[in-house]
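What follows is a pair of complexes built around chain A, which joins chain B in one and chain C in the other.
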Partner chain A sequence: MQNRSKKFSLKAFLVGIQPVNWVLIVLIIFFSLASPTFLSIENALSLSRQGALLMILCMGVIVIKITGGMDLSNGATMTLGGMVMAWAMVNLNIPLPIASLLAILTTIFFGFLNGFFVSVLKIPSFISTLGTQGIAVGLALGMNNGNVIGNLPKEIGVIGNNDILGLPIPLWITILAFILTFILLNHTKFGVYIYAIGGNEEALKLSGKSVLMYKILAYAYSGFMAGIAALILTSRNMAAQPTVGLGMEFQAFAGVVLGGSFMAGRGTAIGAAIGAIVIIVLRNGLNLIGIPTYLQLAIFGSILITAIVLSTLMEQNAQKWLEE
Partner chain B sequence: MPKKSLPILEMRKISKAFPGVQALDNVDFDLHPGEVHVLIGENGAGKSTLMKVLAGAYTSDQGEICINHEHIPHWNPGTAKHHGISMVFQEFTLLPYRTVCENIFLGRELTNKSGFLDKSSMYQQAEKLLDSIGVEVDTRSLIINLGVADQQMVEISKALASEAKILVLDEPTSALSLREIEKLFSIIRVLKANGVGIIYISHRLEEIKQIGDRVTVMRDGKLIGTKQVSETSLNEIIGMMVGREIKDLFPRHYTTPGNIALSVKGLCSGKKVNNIDLELHFGEIVGLAGLVGSGRTETARAIFGLDAVKSGTIEVEGKEYHALTPPTAVKLGIGFVPEDRRRDGLFSILSVQQNIVMASLNKLFPSRLISYSKEKTTADYYVKKFNLQPPLLDRMAQFLSGGNQQKLVLGKWMAANPRIIIIDEPTRGIDVGAKSEIHAFMDQLVNAGHAILMISSELPEILGMSDRIYVMHEGCLAGEFSRGANSEEILRCAMGVR
Partner chain C sequence: MKTAVIEKTNRTEKQTLADFLVKFSRVGILLLLSLGITLLNPDFLKISNISNVIRTASPQIIIAFGMTFVMLTGGIDLSLGSAVTLTSVVAGYVLTQMDVPWILAIFASLLVGALSGLIIGLLISVVKLPPAVASYGMLWVDRGLAFAIMGAKPFFDFHEDFRYFGRGSFLGVPVPIWIVALITIALMLLLKFTTVGRRFYALGANSYAAKASGLEVKKIILQAYIFSGVLAAIGGLILAARLNAVDQDLGAPFLMPAIASPVMGGTSMTGGQGGVGGTVVGALIMIVVTNGMNLLGISSLWQQFVTGVVVILAVWFDILMRKRS
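Right after this comes the complex of A and B.
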């Protein structure tokens, strides 16, 4: 630890770049060559509308992932949140703001439930969030006998489809969600303890803090993000569909892992955001160049594994390369 | 050292019993501000139990704890922290992927008026703290990128940042090099000057003279004596540490050893095994003595093929190998009973029966199909032979007591009938009854012609059970002794005192 000098070295700089960034650069170059429409402002704006959901879910998942857990329920709770909102508006004539609040409270409740199972009852997060996923899917389907709830008041479409200062509102919300998560993780005690739970739970206990509480809060935060996503989802579709969010949890999890959080105690908000962008770009690009869905899934899986293998190798060898 | 000052800490008549063991028996211990009080004793002497009582992790059965002459009722982790007691354990409690500063402030983060982290103040204070004790570590480095010594310094700084008045250092030098130890000592001197009382647990005698003001020796849960370091000699301390009676605890019947079972020449592996030569005959127990961290376990692991061998040869019954792998070792008839039986020796959620047959499946079931009745007969035989309590075959291994778990691990290996057995700490943390049963069984084994290489940190066990004794010190063989050697000689050899 003698060399405190911070001399700039190109090698150190290049080695220091997370592999997910390389993946993103390669994908962007490839798709802009393969499809003329990929690099257009129109496509970018539509991407930001489509991608908002995934990105916002990722902001919740990263917090849980740093503590060493996972969230398989957020896709389903997001759907349920949308159903609750639409149902309340149609059947009870509840105004939009209160219905939105209801949706967010529902998803936060599920987050607390996850946190309770994981921290108090010590059920592995994989199992407890799989369980709450099932409950949420069941409820969402049951609310309108498996049917879509449509005929919503016109104003519901504003958030999902309008612009502010030329940028889609979902993009603004995504940016806010990112900033909130970034600040939470980097500039608050909450963030420090989240990293501490993942890094060495015992150390946090010894310094006299409640591990239980911060774990529960982490899951509740992911629930909150699922609620925000539910608003955008329902607004964009101007309807609530009981199966729309299925599978989103895996994409969100993949995004976070791609972004460098493949171990408890590791991961950043920026990494998770870039991981999410990779997945959004990949999906969009493959669609534009006309790859069939089944192949998309296979490509998607291969890229995920490649990126993680790459990261692990780089981590193991970074020090060696720098010393050479 | 100012002798007239009031003791900052007094522990009076502390007793603590665990099932089968009196871990602490009427122990008195005190500490003055600005003093380094060395606590010394063999493994199992009760040092860590005493410190756990001090930390509030254990509640003592009897006795009281006073701070500044005032009795504190209901001592618990909270009161311990409140009275400025900080412990640095051998196993660090640091977050590997966080910065030095974040680790130092964990749980006591500074915030500004709006509730956000005040990073610049934290970094400033952390730097000031590290400077004040002369530690040169970048506060922005991640812990994972620091060496063990620097991690140790961060751990100590963390304890200091919480304004410790009493600092407990548990074997702080076991992972440090000579120069790093010097650095640690200079930090300790700074702390002393600031009036911090330090309880220093160590196995290394030479350190007592260098850093200690007083020394307390413990043995078998009892306090043997407290001396001013300036008024005592190393010989006296060693005399206080040993001197345990060897009674029926070690039932040995010595016979003439047979052929060479295992011969290791010039074995090197990792950093802790340097050029080790040793020989093991059938019909004998060879003891491998040394301090914790002297490389004994690593030597055994290298022989068994668990760690990579850099150079050297291993000869098993006359056949020479460069290195073994665990499967070949088992095929050649070598069994390995590991130190940490819970982690490495048992399948804790499998039943006693399943555990016993685990190492001998091929032998018991040549057809590759497991027969429940044969499994049961085999397990039943070893449960009876080892007097496993309770004698229930379907009990999960994790619900057995330490002594019975150890019997289970031994039973597992016996079922595989190895000719050569390596046992790492055969009776650590086991009550006296189970101890003598296990020793009697080891005696039977060698009399039946098996060979045993026994690693032990308990000198009486080494002396009471071994035909021959090798002593290791800092990764090298420091000496070889025959049965009936003088315990002080062995201790000296293990501590590197000439």
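Right after this comes the complex of A and C.
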């Protein structure tokens, strides 16, 4: 097992991390030539604020993706978390820390639900998470009749808009989320199990180990990350909108796949982080060079599909080379 | 390998009786739901209302047929909602922005649907991506293209003859119902009596055996996804013709009912079992549920909540049933 996981990470390094690095370098060179403001410190700082959500969601998705699953619900649960938090503060006068906790508990609950559906009921992850996506969207819309919850206490803006030691708080949180995910995946029993589930779930089951709990925990972890993202989202907007995060799940999926996790058992926290950065840079760059919003999604989707196809083909060829 | 094949055939033999009962129970559920709604609103069972319900539901039924084909091969097409959007937007573009006969809009739309399906099929069969990943990627490509074609403005006010497909009626029956009926019969015949149709079942029931017995797996997968894309286009066209307008959010709500309908109609998500007849029943159940919600005065904001629950329950029930037998 030890030997095998080592070989896996080496291969992942060779064929997974490398291309995404090249993509990132090419994008950065291209956009800094096309737009003079791209490489400024101001832009980098505003990027770190905007990108925090995506990066944090990616840290959750990568764990699920390694087990071979998908999470299509995190955009919706993040939104619902924000709605719950704002609703509790406005209607029940609950103080901010407890409301934040409520938001995180909500998203973790949805994570558990996903994990339960996938591992206990054996519903494929894309159906489970699509279903919970619908449930979360319905709740977020229904709980306040489809309206935005505004008029939140001022202190809510602190997380999203203030700095510590000259760096935005969302950036600090992102770094913490990355470190946590990195440690979990690389230095804990949880990580070993996650990779083993993705590598060969049947073998793991046959060896008498309980897969159930770790799988549920993986989905709950993604829920936890969605909750953290919900805090930043609500704090930055100073309001909770019932549809604001929809579609984020695709960006998170794209980031993780670009970062080298294109099949079960594959992927790393670093890869997911770089993949997320690629998407953040791409979005920002397209804005800066003045591509209209309605064209961005088409460009974005096509780049993603191309990237997935190229990395999968490279992977298949790399395996052939290794076999030779 | 050999024993696996034998086991598989044994299992399907045994299931015919159980299948019959399950199929019957689905029609029963549909009838019970309809009766329940009639208690809430006595007008529900009037012929005029039923024909209106089916007319409104016809795109949903046709789109669910596409998913049925894909599921028979053991795949999934998460792009269906976006394919509906894209194909109807293409039709809207040709109808309002180009100076060509309106019939070309239909061809353009069908072609785009077929192309979208073809790409997913290629991603699955040649690049070997999992169906969920391939079609999820295409979901956003289709959606992005629909955005790009539309720019900032929605298309509306289509040619009178085009609108006939959504609003007109023939021999007293709405045209969309004719289309659904014709497509249902055609697809039933296709699945039952042609090699093209039988191969979907063969591939879904046992992909190893299918490959070993020399079936061209790639071709079958491509066919299934092209069918799915074309059926999405037909659904999108009827929708566009009925609403007389298209926008970028047109198709998205169709994805979850499209997954739930075949599953509730007895099509196995793992492939090899089911058919379009069941899908009609499944789709009608979904529609009656939505109608019932409206009658109960539940805000449409909760609709996604309910479809989410129904999708999960339906798939779970399907998995349970297969495990039992």
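Methods note: the second predicted complex is superposed on the first by the 297 of 324 C-alpha atoms of A that agree within 3 Å, B and C clash if a C-alpha of one lies under 4 Å from a C-alpha of the other, contacts with A are read in each partner's own complex, and residues count from 1 in each chain.
Keep this in mind: a residue touches a chain if its C-beta (ideal position, glycine included) is under 8 Å from a C-beta of that chain, and two chains touch if they have at least 3 such contacts.
The shown structure was predicted, so the numbers you read here are calculated from the model rather than taken from an experiment.
Of the two partner chains placed by superposition, only chain B is touched by A:Thr188; chain C is not.
Legend: residue contacts after superposition of the two complexes on their common chain; A:Ala88 is shown touching neither chain B nor chain C.
When the two complexes are overlaid on their common chain A, residue A:Leu24 makes contact with neither chain B nor chain C. Using the contact criterion defined above for the overlaid structures, shared-chain residue A:Gly265 touches chain B, although it does not reach chain C. By the touch criterion stated above, A:Lys209 is placed in contact with chain B alone, chain C being left untouched. Judged by the touch definition given at the top, the superposed model places A:Cys58 against neither chain B nor chain C. Within the superposed three-chain arrangement, the count of touched residues of chain A is higher for C, of the candidates chain B and chain C. Taken together, the two structures place no residue of chain A in contact with chain B in one case and with chain C in the other. Across the interface of their complex, chain A is touched by residues 76, 78, 123, 127-130, 132-133, 136-145, 147-148, 150-152, 255-256, 259, 269, 299, 301-309, 311-312, 315-316, 319 of chain C.
Note for the complex: chain B touches chain A at residues 78, 81, 93-98, 102-103, 106-109, 111, 115-117, 119, 136-138, 141, 145-147, 150. Note for the complex: chain A touches chain C at residues 70, 72, 117, 121-124, 126-128, 130-139, 141-142, 145-146, 250, 253, 257, 262-263, 292, 294-302, 304-305, 308-309, 312-313, 316. Every residue of chain A that touches chain B in the complex is listed here, in rising order: 1, 4, 183, 186-189, 191-192, 195-196, 199-200, 202-204, 206-209, 265-266.
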